[in-house]
Structure formats: C-alpha cells, structure tokens
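Data block below; observations after.
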Amino acid sequence: MRITVYRKAHFNAAHRLHNPSLSDTQNEEVFGKCNNPYYHGHNYELIVGVTGEVDPKTGYLIDMKVLSDFIKSEVEEHLDHKNLNEQVEEFKTMNPTAEHIAYVIYHRLKRVLPTELDLKITLYETPRNFVEYSGE
Amino acid sequence: MRITVYRKAHFNAAHRLHNPSLSDTQNEEVFGKCNNPYYHGHNYELIVGVTGEVDPKTGYLIDMKVLSDFIKSEVEEHLDHKNLNEQVEEFKTMNPTAEHIAYVIYHRLKRVLPTELDLKITLYETPRNFVEYSGE
Amino acid sequence: MRITVYRKAHFNAAHRLHNPSLSDTQNEEVFGKCNNPYYHGHNYELIVGVTGEVDPKTGYLIDMKVLSDFIKSEVEEHLDHKNLNEQVEEFKTMNPTAEHIAYVIYHRLKRVLPTELDLKITLYETPRNFVEYSGE
Amino acid sequence: MRITVYRKAHFNAAHRLHNPSLSDTQNEEVFGKCNNPYYHGHNYELIVGVTGEVDPKTGYLIDMKVLSDFIKSEVEEHLDHKNLNEQVEEFKTMNPTAEHIAYVIYHRLKRVLPTELDLKITLYETPRNFVEYSGE
Amino acid sequence: MRITVYRKAHFNAAHRLHNPSLSDTQNEEVFGKCNNPYYHGHNYELIVGVTGEVDPKTGYLIDMKVLSDFIKSEVEEHLDHKNLNEQVEEFKTMNPTAEHIAYVIYHRLKRVLPTELDLKITLYETPRNFVEYSGE
Amino acid sequence: MRITVYRKAHFNAAHRLHNPSLSDTQNEEVFGKCNNPYYHGHNYELIVGVTGEVDPKTGYLIDMKVLSDFIKSEVEEHLDHKNLNEQVEEFKTMNPTAEHIAYVIYHRLKRVLPTELDLKITLYETPRNFVEYSGE
C-alpha cells in the first residue's frame, strides 16, 4: 500500500530578490519592488509531502513526530526569523526566489529522510503565490 | 530544475446549466435547480499552475507579474461580472459547467503562454466543489 | 452564563445592483460592472450568531439542529440558486447589495427565533468583502 | 476531454491508535498520547477526487449529487459520530491511522463508482496532517 | 492605547453529550448521535483574545510567548488527546458541549492572566459550528 | 440601518522588534529572535471594518471601490514590500509590533474616511497571531 503523507509547517523571513551578476538597473527592472535593498519579508507556509509504503506494524508511512522533527531541525531552525540573503548559507550565492527556497528545502530534507521515500515540497510565499518541487 | 508555479485568481459570474439539444423537462431533470431560467451565480476561485524549467538568470520559472497579467487579460476581463450563457462567446454553444469553464480557461491561457510550459487549471465553483484540468 | 453560538451556511445566487429611481447612466456610474443588465453572481457565505443564556439542562444555548433548520427554511430555500432581483420578493423593491441581503436575512431569522435571543448576521459576498448586521 | 472533479465532505469520530499484536508498553512507545485507552477524536476533512471523461450531453464528469450521495452512504453514515475502533467493522482488525482510514474510504467508494473512473482520496486528520491515497 | 491581541491554538479530544440527570431515552432524544455511548471526537480550534493597554516599553499588550505558554499549560495539557467525559475533572459533572468547554477554558485562563486584562474565548467544535464566551 | 462593512487586504514587509531606549542585551531578552538585527518579515493580512448608516440611494455603507482605494493609497503604498524600521516614517521612533502597526494603519485611514464612520482594524502578523484596534 503506497500513500503520501503531508505535514504543514510555517516560518517567516526577510529577503530581497537580487542577482549579483546583473547591474543594479537590470536588477530593478527584473525584480521591481522585490529588489528593495532594505529587504521585505513573508510568512512562508510549507507543505512537506512524503510518499512510500505503509509500515504494517504501525499503519504509518512515517511517524509524524519524526517528520515534524526533521522539518524543525532542517527548515525552521535554518530559516525562521532569518534574513535569507544575509544569514542563510545557500542564499549567499543563490537568489532567494520561492523556486530556489523550495529547492533548498527539498535537498535539506531529502538527505535526512529514509532513501526509499519520495519527497514533494509545496511552498506558499503569499496566500496567492506558491510553488511545488519534487526533485526533478 | 523543473518546478510548478501557482497563482490564485478570482472572478464571479452568473450562469445556468442548460443543454439546448434536450427538452426543457429533460434539462430540469438533469440539472435541477442549476437549470433555473433566471440564472444563479458563483464566486469562482481559480488556481493556475505552470510547469517548466527555472531560468538561472532570474531564479523564476515565470515572472508572476507576467502570469497574473495573462490571467487578467484572458480570464478576468473575459468572465468577471458576466452572465456566462448570455455574454461569453464560448458558452453560447457549450454548457457552462465547471468542467467546461476549466476547459475554456485552459485553452485561452495555453495559447498565450510560452509553448514549452505545461499548464494545469484548478477551478472552485463553490468551496466544496472543484475541478482540475491539464489539457488531456 | 451568556454566550454566542455561531453556525456557518452557504448559498449562491445571481443579482445585479440597480436602483430603479436612478437613470440608466446614473446606475452605471454608481454601480459599475455590478450593474450588468445580464446579472452576475456570488457564493454567499453566511455566519449566523445567536446570543443568550445557556440552558442548564442541555448545556446548549440553542440546539444546532434547530438553528440550522431555521437557516435552511428561512435563508437557503428562499435565496439559494435564485436570481435575487427577479425571484425574491424583498428585492423587487430593494437593491440586493450585501448590506440589504444581510438586512433581509436578519429579519427573516429574527421572527422565527425565540424572542429573548439576540442575532448577528455576517455575510461574505466574496472572500474579501463582507458585512455584519445586528438589527440596529 | 479527461478531467478530475473533487467534492469535499466532513465527518468526526473518536479513535485510538493501537496494534493488538504489540504489548501495551510497545503501543505506548510507538503511538504516544494517540494510544490513550479512553480515546481522543478528530474532525476529518475529506476530499474525494474522481477522474475520467466528461459526458458531452451534460458537460459533467459525474453529477455532483450522485457523488455526494455515495459519500453520504459509504463514508458519512459509516464513520460520522462513531468510535472507529469499537463501532466500525474494518477497524476491529486494522489500526485506524489516517493512512488506513483513507484506504478504507477508497475501497468503499471504489466499489460503488462506475469502474471506468479513477479515484483519489485526500483525508485531513488535523488542519496540519493529511494523507493522499489512489489505490496503488 | 487599548487593543485586543489574539492567539490561535488547537487540541483534539473525544467526548459524548450526556446529562446524567436525564434518562437514557431523554438523552438520546435531546443529543441524538452526539449521545453515542462509545464517544466521537473533534479537532477543537481555539482563539484566545486578550484586551488591555499596550506596554509603552515593549509595544506589546502581552508577550505572545507568555500567552501561548499559558494556553499550553492551562488548555492543551489539560484537554489535548483526552476523553473529556472520562479524563477531565470539570466534565465529570458538566456536559462537555462547546458552550461548557469554552466556559472551562475561560476560567482556567482567567485565573493565570494578569487581572487587568479582559478575556474572550472563541472555540470551533467543527469548521461550521463555534461559540464565543467572555465571562458574562 | 447601521451596519459594518469589511474589506480584506494584504501587504508584506520586513521588520525587527527593537526599542532604542533599551540596551542590546535587554532588547534580545525582551524580543528574542524578533530582535534579529538583519530583520525578518511577514505577510500581513489586514481587515478594515467601517461602521455607519447605509445610504438609501445606493444601498451601500461605502462604495467598496472607494474603501479599497483608500487602503491602497494609505496602507499598501506606504507599507508593502518595505522595511518598516528603515523606510517607514512612523516606525523610526516606534517599535513595529503588530499592535503599533495596527495603530498606524488606524490613524492613516481615519483621517481620510468620512468623519461619521467608525473604524476597526484587524491585523494578522501570522495566521495564528493577530490584533484588533478601534481607536480607544
């Protein structure tokens, strides 16, 4: 029996969109007010989806406590109440768009989860804009 | 890196469900109170999902401003505050069920989006009833 | 022990905003696209709040089954899947704005509820626009 | 034209997580406070997704009235306001985790739906924990 | 400057509605399926509202960490994953309706909060049924 | 007929909580991770409530277009995609807690709205924390 289990989480952070290989004028043209040098911020809503076989002993795909502890250590402690551009290693060289934040979260969780489980990340940057990434 | 980006939008409209090739009695039997000749209406909640490769220069799959402008010109200006049966070309010959409205929105957006992007339409007719269409 | 109990309900309807004592040009100026002569429509979300003393025998302010039956007979059967302007008595002479619909719902429920209970109507016309009326 | 139609529903129930083939100590270790012998409970939010071809006569994949009647008879009447462990046949021998409840709902609906339709069950145990099952 | 600050929380529990001073037949008549002797359950969503003066030093009415610690010790640890009738002192003699649960939560929080603050409890028993209590 | 009309809006911003009259150690003690010198951020959800008499000519308390234009010019253009501490006049001398942001929004809207209308501001800093201010 193959199933997907989802867990919602939340973090908030400051960021700005900026590609250092572009000029300031180009950055402003491409990213508009998201390029504000003083930063702006978001409440990021995260849905982590994990797919695999149900364990017949427990009836669980994965213990939700284990999954939410991974989300805590790998995502919340790494990103919550941070300035993504200034204080998060991965975004020193990568523009912190929703697409790239989903990519970083995917790879941080993938390396700690049992290897037989598939992973899907849904990340809301605002209630109207969100992205979905499964490692392709 | 392949990802899906989603944007939510909203429009409201009047409609009635009616198939002109059926008799009035048959229409009432099949569509019940949705066949009311004086129309009823809905707040339609729309989620547009676009799948493709992230642009390494911007870190975007697609600029959300561009996507929301397409939704504005192709969907909102075409359907918002309209009577679907009386005032929207496509529904003069097609019954405006949620299924068919999703089909029309899919094709209107598909023709303006870059051809390499896949498209998925989710349309809520009420908070409890919704449909999903990806062009199959 | 004085408490307020709330019950959510839902109906959808077509309407247009129009004041017959104004000219067509004035109506269009005041109501814009909401004046569309072919109608548009909404999913109305309704929250009915009832305030009074808890019955010590049941621990209920009011049996939710009784309250939801009143909402069914007085609101849903009267307004759901209707054209408000054409098919609902009260709106033949009253413009069906959210304010006036809340007023009509308030008075229809008030006359069937026990007289010692206070009543508050919250009506969402869209997820972003709503009104609250308590009979003042 | 192939589409998916979704219908939301709701039930609430008491349960406890317990595997009779484990000792009491092991059960408490694995399931923690979910193993409480006096039970706890949830509001389960259910989304039933049905995939297939749209009927050109009606513009429907399936009449929502028919789908919601199936959900009523197969799910709500079977599970709503019940103690899953004590009063629901399937859970006398199966641990009522969200994964297993989704499995049971899937198979109860699958046997009454037209065979050409695919089925997907999404079940929220809490607003933050949910599962998705499509019969694999 | 007088303001109200709100904090949402969550717990889930089993219960049954039953008044021991009524006969079994009367209990079933009054409470219907909520009287099921094997219990059913809910995800209770709680909103705690606290009103008072903003502290000019912090710009806070109350530190959210302090408020959410009170909610944890007084509400979540007392009610979460419990059988209200069997395992919660207050409901051994009081019928656990939403009205009475709100009453119990109000008084447990009131005695630990600074006395100059007003308190309002909103408790959702299901997404469609909720109550509001402020100590009157 | 006296009624309240509500309009939802949205902005996002970076901020940090910091009282310059306290030492750095005291600031960290009082505000914890919200004191991060590199800022963090939020999606602020705003509900503006306006109370008064319904205009018998229009059936409106206030034209929603007028109200949402005020919200745009006074709130969104002033706060959206900004660093509140660095780029918003009022927060150069006032700590940008949710309480104080609600206060600033209240006074900016109060001075442009017709004087006979009462005003209530509800501001969500996160989906679980929010404040309500009506000018007291």
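In this document, chain identifiers A, B, C, D, E and F correspond to the written order of the chains, with residue numbering beginning at 1 in each.
In the analysis below, a contact is a pair of C-beta atoms (placed from the backbone, for glycine too) under 8 Å apart; a residue touches a chain by one contact, two chains touch by 3 or more.
As the structure is a computational prediction, the values presented were derived from the model and not from experiment.
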Topological distance between subunit E and subunit F, in contact steps: 1
Touching subunit B and also subunit C, the following chains: none
Chain separated most widely from subunit C, comparing mean CA positions: A
Taking each chain's C-alpha mean as its centre, the one farthest from subunit E: B
Pair in C-F, A-F or B-C that repeats E-F, with over half of contact pairs matching by residue number: C-F
Inter-chain centre distance, subunit C versus subunit E - centres from mean C-alpha coordinates, in Å: 29
Whole-Å gap between the CA centroids of subunit B and subunit E: 42
Subunit C, residues touching no fewer than two other chains: 127
Chains that touch, pairwise: A-B, A-D, A-F, B-C, B-D, C-E, C-F, D-E, E-F
Sites on subunit F touched by subunit E in the complex: 17, 19, 22, 30-32, 94-100, 102-103, 127-133, 136
Footprint of subunit D on subunit E - complex, ascending: 10, 12-15, 33-34, 36, 38-43, 45, 80-83, 86-87, 126-127
Footprint of subunit A on subunit B - complex, ascending: 1-9, 49, 54, 57-61, 63-65
